[in-house]
Amino acid sequence: MKLHPVKLLLLQLLVALVALAIWQVGATVPIGDTYLLPEFFFSKPGDVLVRVYTLFATGVIWKHLWITLSETVLAFLIGSVAGVVFGFWFARQPTVAAVFDPYVKMFNALPRVVLAPIFMLWLGLGIWSKVALGVTLVFFIVFFNVYQGVKEVSPVVLANARMMGMNERQLFRNVYWPSALSWMFSSLHTAVGFALVGAVVGEYLGSAAGLGYLIHQAEGVFDVTGVFAGMVILAAFVLVIDWAVTRIENRLLVWRPQSASEQN
Amino acid sequence: MEAALGHAAAPPPASGAAMAVELHDVSISFAMKGQPVYKAVAPTSLKVREGEFVAIVGPTGCGKSTLLNATAGLLKPAGGHVTVFGTPLSGLNAQAGYLFQQDALMPWKTALDNVAIALEIGGTRRADALAQAQEWMKKVGLGRFGDRYPHQLSGGQRKRVGLAQVLVRQPKILLMDEPFGPLDAQTRQIMGTLLLNLWALDRKAVLFVTHDLDEAIALSDRVVIMSAGPEARIIGDYPIDLDRPRDAADIRLDPRFHTLHRQIWNQLKAEVAKTYGEDLAP
Amino acid sequence: EIEKPNLTLGVGGKPLLYYLPLTLAERLGYFKDEGLTVEINDFGGGSKSLQALIGGSVDAVTGAYEHTIRMQEKKQDVRAVIDLGRYPGIVVAVRKDKADTIKSAADLKGAKIGVTAPGSSTYILVQYLMKKAGLNPDDASFIGVGSGPSAVAAMQKGEIDAISHLDPVISKLQDLDAIKVLVDTRTTEGTQQVFGGMNPAAVLYLKESFIKANPNTVQALTNAFYRTLKWLETATPEQVAATVPQEYWLGDKDLYIKAFNASRQAYSTDGNIDEASMKSALNLLTTTDPDLSAANIDLSKTFDGSFLAKAKAKQ
Amino acid sequence: MKLHPVKLLLLQLLVALVALAIWQVGATVPIGDTYLLPEFFFSKPGDVLVRVYTLFATGVIWKHLWITLSETVLAFLIGSVAGVVFGFWFARQPTVAAVFDPYVKMFNALPRVVLAPIFMLWLGLGIWSKVALGVTLVFFIVFFNVYQGVKEVSPVVLANARMMGMNERQLFRNVYWPSALSWMFSSLHTAVGFALVGAVVGEYLGSAAGLGYLIHQAEGVFDVTGVFAGMVILAAFVLVIDWAVTRIENRLLVWRPQSASEQN
Amino acid sequence: MEAALGHAAAPPPASGAAMAVELHDVSISFAMKGQPVYKAVAPTSLKVREGEFVAIVGPTGCGKSTLLNATAGLLKPAGGHVTVFGTPLSGLNAQAGYLFQQDALMPWKTALDNVAIALEIGGTRRADALAQAQEWMKKVGLGRFGDRYPHQLSGGQRKRVGLAQVLVRQPKILLMDEPFGPLDAQTRQIMGTLLLNLWALDRKAVLFVTHDLDEAIALSDRVVIMSAGPEARIIGDYPIDLDRPRDAADIRLDPRFHTLHRQIWNQLKAEVAKTYGEDLAP
């Protein structure tokens, strides 16, 4: 059942090609007299790829990429660490959790675009206001999952560990943490994307550099090719970060049985 | 029924020996959503002396595990209280090691780490802990399975890792819930001997739940019988006055063994019949 | 002698023609010539760049003159030092197939009008026009359509009957032959019709405290912008197109030149804001926003012409 | 350990009061000569509450609330259903999952503000473009969690069910679904917030009504009080939806043992 | 070693009776990350006739569960193959009911629903399924525990629900992994009788793993002994030529029973000793 890596790669490329083909056809072949993907809004795959190439070839992109990368990584790290810490804290302190529960949910529902000016006020225009925006996205995703993950710890394993005499810190290290790991990683895969989204939206709303800045510039002057080139780079980018997360995940979760679906 | 026993080799608990565990009129109930409260255990008293080995037998579902949970401090009794070495128990019973009926190993640690961690949390250095753990893994016959994760072990192997995990800490009180259940008869005897040797070393108190009456009699100083639930009670308490040290295999030939076996068995049988009387056509 | 040679400057949509002088000043190297290093931060909109100014994350903003008036009401002393656009540059237009029924602002009753954002200057201008035509602001519904391609889409798909917007959206729609213009405040004529005079739009404004503390810096900045205005006054469209980055060309140099030509009159030639223009701007606001009362506004505090005067003298 | 409901409510109110007090002090008492929470950016609690009251008293708010509610609920429902369906599908079809994995992650990383114009193009300026925006947020959160939830099904329970002869549909109903439920609900709590964020951001970027529209309008004229009033209403709003989710959750998860942390 | 057995009361499988399950040189290995492949079971052949009751005994961790998993189609053998009623097995064994060694109840269903679902998936109407399930719950002595969730039951109760869940479907082949492990001796006998009665009704084939030799002999037509792992093999295959129907209690008085018991026990004992030989000082 396990796919051969080369075959898998070919299939993935096939999907990409089909998608590009649809894009190309939608942008150039009219149905009736409307285009499915009008060039004005979607550009054309060829143009976008050429633009991506130019961006790299001229080296313009590196500065922007580097800034966005820093923001994303920082947002991801700070957000996940905070999510983990608060997730654990809330799960272990039911009173705290019960009292703050409505407030956490309220904050989670605040639109980040509105918060952006406040972050800029507090943190300035540098990368930190963008990091903060990313953190507000990443945090909640990780938080809720870790919280639930801790509560899902097997009661027998927990009882056993407590009977051994583990104190709260030891329980954390030896029981809660490993048990919540698969929850955490599940949330991290979503969180990686949202860290990037946060950074880019932050840049989009106010900055002097970064992928979001590039996209914003392009959007203002109908340079859809530029917008899509930015998004393509962004997408490629997240794969790299996610790959890193997956590596760490596989490392930390060696102990698990092959999941049922992989087995058959 | 609580006669003090004289042992030959095992350190005989003096008549006035301190009580390791006392249950005073402990009763246990379970509240369930949308159902009446289930009174699992009626007010029950039980005393276990330091250095005493008490076996608990009873029909399935009567409340043996529940009673151990209460002794471990994992379950709050609905009534009555537990004292451990004279002090009333609140929270967990720190003196006790508990081998659970269910699988309770940490799935994310190897077998060896599962055993070693029991020492590490007490402050033992990791290298020492691993060395001792490996000793114990050998004692339970799993010397070469240390680097397996629990899901890579058979049922009986997991149970033995659990046994090593509890014993390695050398707790004062041992709570064991069917520790040898998934083991073959021969391994059971080896493990039984292991347990007895350990027990003989220092004056541990043992509460031992089993379904194997032979085993109960062969190992213990006293066999306690619980009635069928709900509202299970202790309905029998048999001192086992067989000489120690006992040889697990030979003891079955002792006529006294058979007398005791028959007595206990008859009472137990009647009790089980009661459970089924209501449900099963005879 | 320049107190703060490294400046941060905020703008809400740098590539827009509305802010062309900024891009030109940067690309022509006039900031450098004045000894300034200017970092330009682009924000999601004009209000966000103002917030950044108030919050202290930027030193200066190229934004709407109207902000300086509004800030007085909020007890924030923000002053313009040079005018960049003397006309608002806003165009009100109707969809081609509605051109027969909607011929003037008075016909906007019941229409769905697209604006860049609720509360923004495009929104205020239509309300002003409607009010002048005797309509109530509630008589039409206003839809925020954003400033990018989505505005074009909204018109193309027929989701709005009329639009009040800026370039390049208007030029693009004209290029697509999708609209008929009702009011065009990019031109002298159109602006005269609506306001009877000038109505300053894009200006360079700063906090009063900053102006006080850094007069030389502000002077340098003003010099650079004044020089740009002078350059722009005489530049050919080709020169402008060649100066701005190619990405700003709306994908098509001809379109860009068309759009520039349509807007060209809106750029200020002398950078000054006279009393009449100020009043006109205030009037625009008080007419449309009942919460804003003219009594609280001291217009002399909205524009500080002293730097401009020195800049002129220097040239 | 379980808190008495009245005591809990009092504690929660206390938190709210403390927060309001900090807000009030930060907005009115200067430290040195800067304010911690300058009124220009934060307004004042009293003003905001008055504004909230006026919005309700004049009835202006209802129309906007109703629109935002519809968008949020639709985004939440469509996003979660799609997330559940795809989550299950991917988990059960490892080949599909492997092939599409990078694409899913790429889409998750696209900033929604950039997608907004495309949705408006396709779906118009009505509620559907906002729903679509919300869906793109909700979907990924639910998707990743359901995917993981299905993979975490106990192998023994699964083997037992398969030995009984369950077909794929029956396995879904009787094993995967109930087993993944706690994962799903964990994600839903985050998703509720994000559905609302999506709707509001959509309105913010282009609309004729809704809370996001109100907030944007207020922002345009620097009416921070209006912005905060909008956010307060929004926050109250999400609590209501979340409460509904929690009720359903408790209903569907009756079978679970009290979680270990509640027990002690 | 595969002599056909004559039974008195149970339907005697004719000498030429069809084979229900055949393992042909089945070997099983486990690959583990960073460790050499563990060859759990060496190529092994085993045939179970229709209507035959085969008990498997062996030291803990030898590969009994693994063998059942292979027969159930849950585990792909590294070598050899399995045939079921003559057809080679690919995928799951649809003819078999499997009572797992571990807890395998669905925690989100009540005990009764856990049993009823086994019928419902076969298309039985819910009302009928519930009625039959309730019947079976009574048979295993849990008539009043139907509305409990698994975590609200004791270990032995859960096992019995599992038993009901498997038996209610009346599969042609029964695979039972220590089905009576956590039950008291008396309940074990009742359950054993229940199983025998069911088995006698139609010609089921039973593969029964147990650690209780008495039980193995009392219930089965053949007792198969596995050697200690790794590379466990079948090292003994004893026909149990005791009359049927057998009375679980009386049979232990039969001298033939004792002879068989001794024979098997001795072989088993030697085998277990081997496992421990390497790890344990004698």
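Here the chain labels run A, B, C, D and E in written order, and each chain numbers its own residues starting at 1.
The working rule: a residue touches a chain if its C-beta (ideal position, glycine included) is under 8 Å from a C-beta of that chain, and two chains touch if they have at least 3 such contacts.
Given the structure is predicted, the values throughout are model-derived calculations rather than measurements.
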Problem - Shortest path length from chain C to chain E (each step joins two touching chains) - result: 2
Handout entry: Chains touching both chain B and chain D
Key = A, E
Practice task
Just list the two chains that share the greatest number of C-beta contact pairs.
Solution key: A-D
Completion exercise
Computed over C-alpha atoms, the centroid farthest from that of chain E is that of chain C
Practice task
Take the average of all CA coordinates in chain A, do the same for chain C, and state the distance between these two points in whole angstrom.
Solution key: 37
Problem - Chain centre separation (chain A, chain D; CA means) in Å - result: 17
Problem - Inter-chain centre distance, chain B versus chain E - centres from mean C-alpha coordinates, in Å - result: 27
Exercise for the section: With chain centres taken as the means of their Cα atoms, state the distance from chain A to chain B in Å. Expected result: 50
Problem - Per-residue overlap in chain B, given as positions that touch at least 2 other chains - result: 102-103
Fill in the blank from the handout: For chain A, residue numbers touching 2 or more other chains are 41, 113, 117, 121, 159, 204, 219, 257
Handout entry: Residues of chain C whose C-beta touches two or more other chains
Key = 51, 55, 148-149, 153
Completion exercise
Counting only contacts in the complex, chain D reaches chain C at residues 38, 40-41, 116-117, 120-121, 124-126, 204-208, 213, 216-222
Completion exercise
Per the touch rule, the chain B residues reaching chain E in their complex are 30, 32, 35, 57-61, 63, 65-66, 101-103, 138-139, 141-144, 147-148, 152-157, 160, 178, 181-188, 190, 211-213, 265, 268-269, 272-273, 275-276, 278-280
Handout entry: chain B-facing residues of chain A, complex
Key = 156-157, 159-167, 170, 174-175, 178-179, 181, 253, 255-257
Exercise for the section: Show which residues of chain C lie in contact with chain A when the two form their complex. Expected result: 8, 10, 13-16, 39-44, 48-49, 51-52, 55-58, 147-149, 152-153, 168, 172, 247-251
Problem - Touch list for chain A against partner chain D, complex - result: 1-3, 8, 11-12, 15-16, 19, 38, 41-42, 91-92, 94-95, 98-100, 102-103, 105-114, 117-118, 121, 140-141, 144-145, 147-148, 150-153, 155, 158-159, 182-183, 185-187, 189-190, 192-194, 196-197, 200-201, 204, 212, 215, 219, 227, 230-231, 234-239, 242, 257, 259-263
